[in-house]
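Below, subunit A partners subunit B and then partners subunit C, in two separate complexes.
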Partner chain A sequence: MLQNEQEYIRILKHRLEGTLPKDELDDIISDYSEHFSIGKANGRTDEELWRSLGSPEDVAREIRVMHLVKKAEDVRSCKNIFHAVIATLGLGLFNLVFVLVPFIMFLLLLFVIFLLGTVITLAGLVGVVFSLLQILGLSTFSVWLSPVAGVFLSIGMISTGLLIVIGNYYLARFCYHGCIRYLKWNISVITGTESEA
Partner chain B sequence: MSQKRQDDDPLACFVCNLNLSGLTMTKVILWLIAITIVSFAIGFCTMALSGDFPLGAEQKAGPFKNTVLSSPNTTTFPLDGASSGEIRLLLGAGDLTVQGGARDGQLMEAEVFSELPEMQPDYTHVLNNSVMTVSMTETGHKKKEWVVAHLPESWANTWDVRASDEIPVAFTVMVGAGDCELILGTANLTSLTVNNGIGDTMIDLAGYHGGRYDATIHNGVGDLTLRIPRESNTRILMHHGVGDITTSGIVQTDETYMTASFNPALPVSEIVIKQGVGSIQLEAV
Partner chain C sequence: MNIQFKKGVLEICVLSVLAHKDCYGYELVNEISKRIDISEGTIYPLLHRLKDDGYVTTYLQESAGGPPRKYYRLTESGRKEEHEQKEEWMRFAASVNALLDGKNDAAE
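What follows is the complex of A and B.
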């Protein structure tokens, strides 16, 4: 494979097309072209410049990850954070342990808390219905010691469940920010820009 | 015109006065906390005023009534001098466990765990010519209880039966749908008839040292596990439909399975298995 400027730019462009917006992609391509032009003006060959920049595949991967993390930071959504995490996995196999496992654990935690809140809320709703049926004298639905108390306790359960769900929402937001920061730190460690950051 | 109509409507005025647009998440949370505290406070105060709180020693399920699940209904049937017994169990839907180890002087001890009082079974016991016959029948089979028997609560119906090890007993077990477990290694069987429509059946006769017996096992849909003593003189006739058969310590000849030490000249315990769909596991232990 020829290690010249055209090939480098072609690979870089091919790898980043579809991920980055066109103007951002043009800026990056322009930067790298300029880097080659300046280098060659200083008497360096294409091969030397290629080696100094690193392989275009690796460069494209890093740019893509940084772009997706930035996108997830700017626009909060499950899709964006998921894409950012998946892209980060491509930086190294060990990220399966250091990124994917904690990410899945956080997801599970949030899901379990959400499920808990939902179940308590639904149980409260069922409790209210059962209390009312018990007050109406239907013995089959007689689960409360005191049906009147059951109405209030059920309402308490509903509001507790809703509080858990709302709390889970804020926890999810907190985890989202934490995840972005962790991904940034992870990228900086892998790409060796930790000290610069 | 429409403005006037809205002003006249008290509900519309009330909704407008709620000013929901000013309801921030912080206010929602504070309201929910307040509702939670007030609701639980009123609920427990109501219980206290109605005498249901503090809970008594027998009440362990919080503000809920003790379900029959946490306090099984136990019924015992004494031997009353019987020299042999017959136990007939008919359960429409639920889980059944039958085992030996009833207390001295008792033919049968039955514990029923059901969320519905209507699902308590009917019992009959008759002593005839020194044979005590006990029947335990799910009331859901009676016409008037049909609706109750088909409520979801009736599905959580569990029977735990202990039989006497002192006298020979003939068992007839019929289960419509549910898991059925018979652990009769300590019992003394005269016969055993098991019929399970849908569900897994486990019959454990490991350690059995009683007399010879004939057994018929019908299992419609579900897995069947049969465990017999290795040293017993047992022959099993198999009629099975769909499913695997796995054996351990058993010798097979066509559709007949025997224990390794089988001798037709000696008294033989014969078991007939009729299985519809499901795997069968035969073990000689």
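What follows is the complex of A and C.
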């Protein structure tokens, strides 16, 4: 493969199109074109410049990750954080363990807490209905020892369940924020490849 | 030197060079790669991040016998950041050096 400016720029463009908005892509591309043209004006060859820059695939990967993490930070959504995490995984085997594993564990934790809150709320709702039916004499099926106590207990369960779900929402927001901070730290330390020069 | 170390200090290096003078990309990359062996291509994404964070701005300036070049300049908050990171680095480096010296003393 020919290691020249055109090829470098072509690969960068190809890898970044669809991820970066047009103006940002043009901005990035102009930096690398300028680097090549000034380098060549200073008597360096295309190959030398290519080697000291590092492979365009690595550079593009790094730019993509930075962009996606920034996007997830600016616009909070499940989709954005998933994209950011997946892009970070591409940076190396290290991240498979130190990004993916904690990410999945937190997701599971949030899901389990959500499930717990939902189940308690639903159980409370069922309890209220049965207790009321019993008080009205429409059912002989007894959930609690005393139907009146049952109503209050059930209402307590509904409140507890809802509190857990609401608390879980704030916990999720907190985790999202923590995840972004961790990814930013991660890309400022982990990425980048050894210079071949 | 370990790549993780280099990547971590790259940001303070870029800020520090820009604190001395405005640079165009190629110039900045040269200043840094003269002293630190790193993929030069990773400096541009870093510059973009610093721009996003509001630490640097860019402007175009004519060059002698060539197209205008894009110069990077530290903003006020960039100067503050540079100052803070420099202090932090100095303290860190002093602690590490003290530890390393202590270890050598003990080994003798």
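In the analysis below, the second predicted complex is superposed on the first by the 188 of 197 C-alpha atoms of A that agree within 3 Å, B and C clash if a C-alpha of one lies under 4 Å from a C-alpha of the other, contacts with A are read in each partner's own complex, and residues count from 1 in each chain.
Definition applied: contacts are C-beta pairs under 8 Å (C-beta built on N, C-alpha and C of every residue); 3 or more make two chains touch, one makes a residue touch a chain.
As the structure is a prediction and not an experimental result, all values here were calculated from the model.
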**Message:** With the two structures overlaid on subunit A, would subunit B and subunit C clash, or do they fit side by side?
**Reply:** fit
**Request:** Check whether A:S30 is in contact with subunit B, with subunit C, with both or with neither, and answer first, second, both or neither.
**Result:** second
**Request:** Counting touched residues of subunit A, say whether subunit B or subunit C comes out ahead.
**Result:** C
**Request:** Figure out whether A:E48 sits in contact with subunit B (first) or subunit C (second), or with both, or with neither.
**Result:** neither
**Prompt:** Just subunit B (first), just subunit C (second), both, or neither: which does A:S146 touch?
**Reply:** first
**Message:** One more residue to check, A:L162. First (subunit B), second (subunit C), both or neither?
**Reply:** first
**Message:** Taking CA centres after the superposition, what's the angle at subunit A between the directions to subunit B and subunit C, given in steps of 10 degrees?
**Reply:** 150
**Prompt:** Once the shared chain is lined up, is A:E17 touching subunit B (first), subunit C (second), both, or neither of them?
**Reply:** neither
**Message:** One more residue to check, A:M66. First (subunit B), second (subunit C), both or neither?
**Reply:** second
**Message:** After the superposition on A, what does A:E57 contact: first (subunit B), second (subunit C), both or neither?
**Reply:** neither
**Request:** Compute the least Cα distance separating subunit B from subunit C in the superposition and give it as a whole number of Å.
**Result:** 31
**Complete:** The shared contact residues of subunit A with subunit B and subunit C are none
**Item:** Residue numbers on subunit B that touch subunit A, as the complex places them
**Value:** 25, 28-29, 32-33, 35-36, 39-40, 42-44, 46-47, 50, 52, 59, 63-65, 67, 116, 148, 151, 153
**Prompt:** For subunit C, which residues count as touching subunit A in their complex?
**Reply:** 3-4, 6-8, 10-11, 24-26, 29, 33, 37-42, 44-45, 47-49, 52, 66-67, 69-70
**Message:** Show me the residue ranges of subunit A that touch subunit B in the complex, using the header's touch definition.
**Reply:** 140, 142-146, 148-153, 155-156, 159-160, 162-163, 166
**Request:** Report the residues of subunit A in contact with subunit C in the complex, numbered from low to high.
**Result:** 24, 27-28, 30-32, 34-35, 37-39, 41, 52-56, 58-59, 62-63, 66, 70, 188-197
